[in-house]
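Look for subunit A in each of the two complexes below; its partner is subunit B in the first and subunit C in the second.
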Partner chain A sequence: MSRVEEVEGAGANGTADATGAADANATADGTGPVDATRTADAAGTLRGPSPLWTLGLFRSELTTTLRRWRTLALLGVLAAVPVLIGIAVKIETSDGGPVGDGGGQGPAFITQITNNGLFLVFAALAATLPVFLPMTIGVVAGDAIAGEASSGTLRYLLVAPAGRTRLLFAKYAATCAFCLVATLVVAGSALAVGALLFPLGDVVTISGTRISFGDGLLRAALVAVVVAASLAGIAALGLFVSTLTGSGIAAMATTVGLLITVQILDTIPQLHGIHPYLFPHYWLSFADLMREPVHWDEVVKNLGLQGVYVAVFGSAAWARFTAKDITA
Partner chain B sequence: MAPNDSAQTTEEAKDLVAGRRRATRYIVPVAVAGVAAATIGLVPALAASGDPDLPKITAQELIEKMAASDTQQLSGTVKINTDLGIPSLGGLAELGGGSLAPGGERGESGSAASPDGKLLELASGSHTLRVAADGPDKQKVSILEDTAEYSVIHNSGEVWAYDSASNEAFHAKDDGSGTGPGKEREAAPKDLPTTPKELADEALKAADETTSVTVGGTAQVAGRDAYQLVIKPKQSGSTVGSIKIAVDAKNGVPLKFTLTPSSGGKAAIDAGFTKVDFSKPAASTFDFTPPKGAKVTEADELEKEKGLERGAKNHEDFKGMEDFQGLNIIGEGWTSIAKIEMPGGEGIGAPKDGEVPPEAEKFLNALGDQVDGKFGSGTVFKTRLVNALMTDDGKVYVGAVTKDALVKAANEGK
Partner chain C sequence: MTAAMQTGVETVIETRGLTKRYRGGQLAVDGLDLTVPAGSVFGFLGPNGSGKTTTIRMLMGLIDPTAGSATVLGRPMPRAVRTVLPQVGALIEGPALYGFLNGRDNLLRYDSADPSADPRTRGARVAAALDRVGLTSAAGKKAKAYSLGMKQRLGLAAALLRPRRLLVLDEPTNGLDPQGMREIRWLVRELAADGTTVFLSSHLLDEIEQVCTHAAVMAQGRLLTQGPVADLAAGARGRLAVVTPDTGDAARLLKELGVTGLSVEQDRVTGELPGADVELAELSAALVHGGVRVRGFGIERASLEDAFVALTGEGFDVAG
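Now for the complex of A and B:
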């Protein structure tokens, strides 16, 4: 043990304490005015900020997210996937042959696209759901808190009379809204491409029965909503990771890394015991909505599982974020 | 830390309190996870408990009830779990090409929608099926696959099979039953002097010597009260431990079938309704027109093509078969063993050294156990239900019996 080390240790302690104090101050700064306004409000109307105010926070969060170049680029990539699939199928079937070797291999729904352009919606969602969509959500959710922290704007957000729980909630709601937006971008682009390149008309469900095109569109909308809802789990996971670190990049990388790890675990047959508890396990169950009659079992399981993930990681994010020292 | 710094100690104390408060917040996610885990664990346990209280019934009455059942309309979801102890039959079908299952060959002439290939897939793993029936004219069975479905639809003489994954359809005409199925089927029972009661008598009498048939309590299957009919072999040496059939207490429809091997463990075959509805299914369920762009294979065409292709080959095969000494059945009931003898003693016997590539031989040996006995030596291939003994002199003994029983049969046959 050298004296220098001791001194260094003391120095480190000193800094730590100093930041601790600063944190305390920051927290006080952050919540102080909030409480003041709240009290003022309470004096006037006997209640906290109105729900509309939260909606405003949510709206501003959503517009900030959607205005980012990075987000727009991600959405552009998502919109390009159905275009690629559509053109590839069109070229391959231009000589009248079937898609693939006819053995039923390849991505889901791809063989049915030629009968009905609407199936491009399902094929595109099935193609983007394993990687592209959750990766986009991972980027947005991971950035939610950690991005603000690393760019130094989190402190100012908390100065606004919102409170941490409310801010977190607005962030999560914005992320979920983004899930829906991302899914609808894929579905919308797929529908447009499908309508352009392939015939539309009565839809043959995968059970072999026929439903009208209107019903088919309704199913497609339902599928989009279910797909968006299946991303709620990874959104909550990303938000939790985001509260753990002060670096936006680290949070995004961790979320996407977790996603890939879980997907790999989901393919290992020896681990089948834990498969039903992995959040991507029932993702492709949205295909059950294309059966006639609809087979709800797996869809319900999927939504229930996402609910559990949202509850666990949402509350973990809340516990972490409300107890965290905000230094930036 | 310097203990004499009073300001710091208060700070520490504050930190401690704050830290504790922070820690308590983490109880929330942990509690949520705990509750979720408990719910997932408990709900099936709670749902499974509580066998229904039903009046006592004898095995005979239960069989009568099954025989008298005239339920013709139903729809529901069936879950099939098969664990025969065979690696994966799907893979085997591919390996064996046309020899194992005609539908397994997905070559030029085959069709992915041809029903025979799909049957083999059902023989291993876990599958969800949907069934619907409306009288003898209309039935539909669908195998729910991931993001795809395979359906076989029978509607008044037309049989369609549709595989959504490959977008291929298979069409066949079901002659005979299509023209007057109702009459034929109603006439048949009249020819045989069987009221349900007599049928039950006959069935029990036939089973009496080799089999015990009892009613083993009640169960709840797909939300319906059911009696359990338990069938057990009386003979020893069978690989079948017991067969349980859950029969709906109201209308006598079998709802669940469980076959447990005598070696214990998981059921080898477990098939049962998870949802069932005895009202008339919608007529549109049985309508099928192949979607535009779907490849339709007609059954007659398929036969013709295959026939031409295989004609020459089959002819040779049959020449060899002429000397086939046929199938001898040894024993009776549950422990009957099929003995297959090939001409010259070398037909399909265990391959001799040098006849097969060493890798293949190693593979075959790894699959089976070597046994010796009075009969000579041979290899036993084991699954959880069916075992086969292939002797080195070209005899094959197959049965749902244990290895020892096979060896005994081989010794006696010598």
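Now for the complex of A and C:
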């Protein structure tokens, strides 16, 4: 069951707004700047709120998320991964031998890094996508509603009034923007470390053909965007979990727990029947973007699957949040 | 002319049979019929757990009523939250802040949550709100480093970010020092003078008595009474009090003059007020004439506290 909320701009509301403006003018109190503000506000109210003002909440969400030390610590960990990979590869190959001498099978693209630092971007994304990246998103998405509920700030956002649907959209949009930020942090750090420790130059694709370094950079950007989009599913899942509980910690733990469970299920061969429906199943398909010509098959499947998760868990989160009693 | 007259809303809050039963089965509010007149400073009284905060949550659209209806500023809640709440400032069950943001950024965040608040005037409005609650010098400090009273002030500032037609304050003086309490009273009076209706829940009865024009008393989810404060206090009748060293004579004379319910304590004799047909001046003259050295003579007005205790009982225990 969801609540019906009246939309703005109805006839009666126009009157109310005008009155609000009149009040604002009538409210004279002492200091100069206050008066000026009130008058400006009154004028603004008369012209009616601009639809663009609604973006203020999204901006506020994103900046608030990025100003938490917890978020910064997670981004710091993400930025450190390429550094570690880069240094490890550098040390292992300092005697001139190729990577993987020991016969171990590292993440994809590792072997090409010594020839071209750009491959550190792909290697780092392949290394962080299974756990680190989605864990970061799980923490941010899980905390989105539940964290505000446990600190009590949710009730003040709602009486502001943020509007339940609008708040949920802003939260989801900010989480998706954060997916892109997190991915770009990995990619940016990898590019910097790669350029520092290894040579850069023409890129040899998986198919064996050569493309220019500029084209390679474009591919890297495309890969980053696809990786960020791969995280849309877990972002929606986390947001849904977040609407179920009043404890931010519980929501974060549940979301990360779900991620790990699904990742494990994805590795059990006996369960191959359900594998195509698990959200991380096609994550590593971004490697196909490094083929010449690009293999879009699994990439499209991945994005489609994310879309299904967003639709299902997004609706569930909306149904839950708009009908929920906010008692915290 | 008040805002109410312009829009034809004479009652700012009106509930009909408003009822809330929590999921645990707790009946927190039971058939509440509340009427808050426009322009009033309305005191909402009740012992702990009587359902005040629950009522306020329903009025603000945070929880759905189990039964009954509520209108705020003439519009149904929670349907009309988006049109009503920009005109309402609220402090509900204490302030809630982002500890990792400073005071100013907390207010900026709450203001940007309101889609009808103009971002061009945001900074100036935030500064004005901070100034109004006396937090300007602490605006750059992280909110987690605020004292309880400072947090309370910041919560109030959030309620004052825009000109409001209704202010809902759930125990606003909680944690404030005496100076802070006085400032809040002063602020409430100032806002009321501007035509803002103030709905104030509190335990501090003398505070309600000092600022409120109207009051309602709740107990165990039910409304016991509501109306102008003067009427409520008058409900618990005042007493005649005579201060004199000659208490024995005074009591005897008053009894002869028809005053009932006399009691003597130290140098005071008090009794039920006689009916309207007895002129008080005659009583005092009779006492003086009878040789009683009258040092004080008058009516002790019943306080709101007397009325409150008479309604809710003396017991201290919270009803389950």
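FYI, the second predicted complex is superposed on the first by the 274 of 328 C-alpha atoms of A that agree within 3 Å, B and C clash if a C-alpha of one lies under 4 Å from a C-alpha of the other, contacts with A are read in each partner's own complex, and residues count from 1 in each chain.
Going forward, a residue touches a chain if its C-beta (ideal position, glycine included) is under 8 Å from a C-beta of that chain, and two chains touch if they have at least 3 such contacts.
This one's a predicted model, so the numbers in the text were calculated from it and none came from an experiment.
Novice: Between subunit B and subunit C, which makes contact with more of the residues in subunit A?
Specialist: C
Novice: Using the touch definition from the top, say if A:I326 reaches subunit B (first), subunit C (second), both or neither.
Specialist: second
Novice: Is A:H272 touching the first partner subunit B, the second partner subunit C, both, or neither of them?
Specialist: A:H272 contacts neither subunit B nor subunit C.
Novice: For A:G152, is the partner it touches subunit B (first), subunit C (second), both, or none of the two (neither)?
Specialist: second
Novice: Quick check for you: in the superposed arrangement, does A:T64 touch first (subunit B), second (subunit C), both or neither?
Specialist: A:T64: touches subunit C, not subunit B.
Novice: Once the two structures are superposed, pull the subunit A residues common to the subunit B and subunit C interfaces.
Specialist: Touching subunit B and subunit C on subunit A: residues 13, 20, 323.
Novice: With touch defined as at the start, can you tell me which subunit B residues reach subunit A in the complex?
Specialist: By the definition above, subunit B touches subunit A via 1, 8, 11, 15, 21-22, 25-26, 28-29, 32-33, 36, 40, 77, 106, 112, 128, 130, 142, 144, 146-149, 151, 153, 160, 162-168, 274, 284-285, 287-289, 291-295.
Novice: Looking at the complex, which residues from subunit A come into contact with subunit B?
Specialist: 13, 17, 20-21, 98-99, 102-104, 108-109, 111-112, 114-116, 126, 199, 201, 204, 206-210, 277, 284, 287-288, 291-292, 295, 297, 308, 311-313, 315-316, 318-320, 322-323
Novice: Can you list the subunit C residues touching subunit A in their complex?
Specialist: Of all residues in subunit C, those touching subunit A are 3, 6-7, 22-23, 57, 60-64, 73-75, 78-83, 85-88, 90, 92-94, 96-101, 108-121, 124-125, 127-128, 131, 155, 158, 162-163, 165, 190, 194-195.
Novice: Of all residues in subunit A, which touch subunit C in the complex?
Specialist: Its residues touching subunit C are 3-8, 10, 12-13, 15-16, 19-20, 22-24, 26-27, 29, 31, 33-34, 36-38, 40-41, 44-45, 49, 53-54, 56-57, 59-60, 64, 67-69, 151-153, 155-163, 166-167, 323, 325-327.
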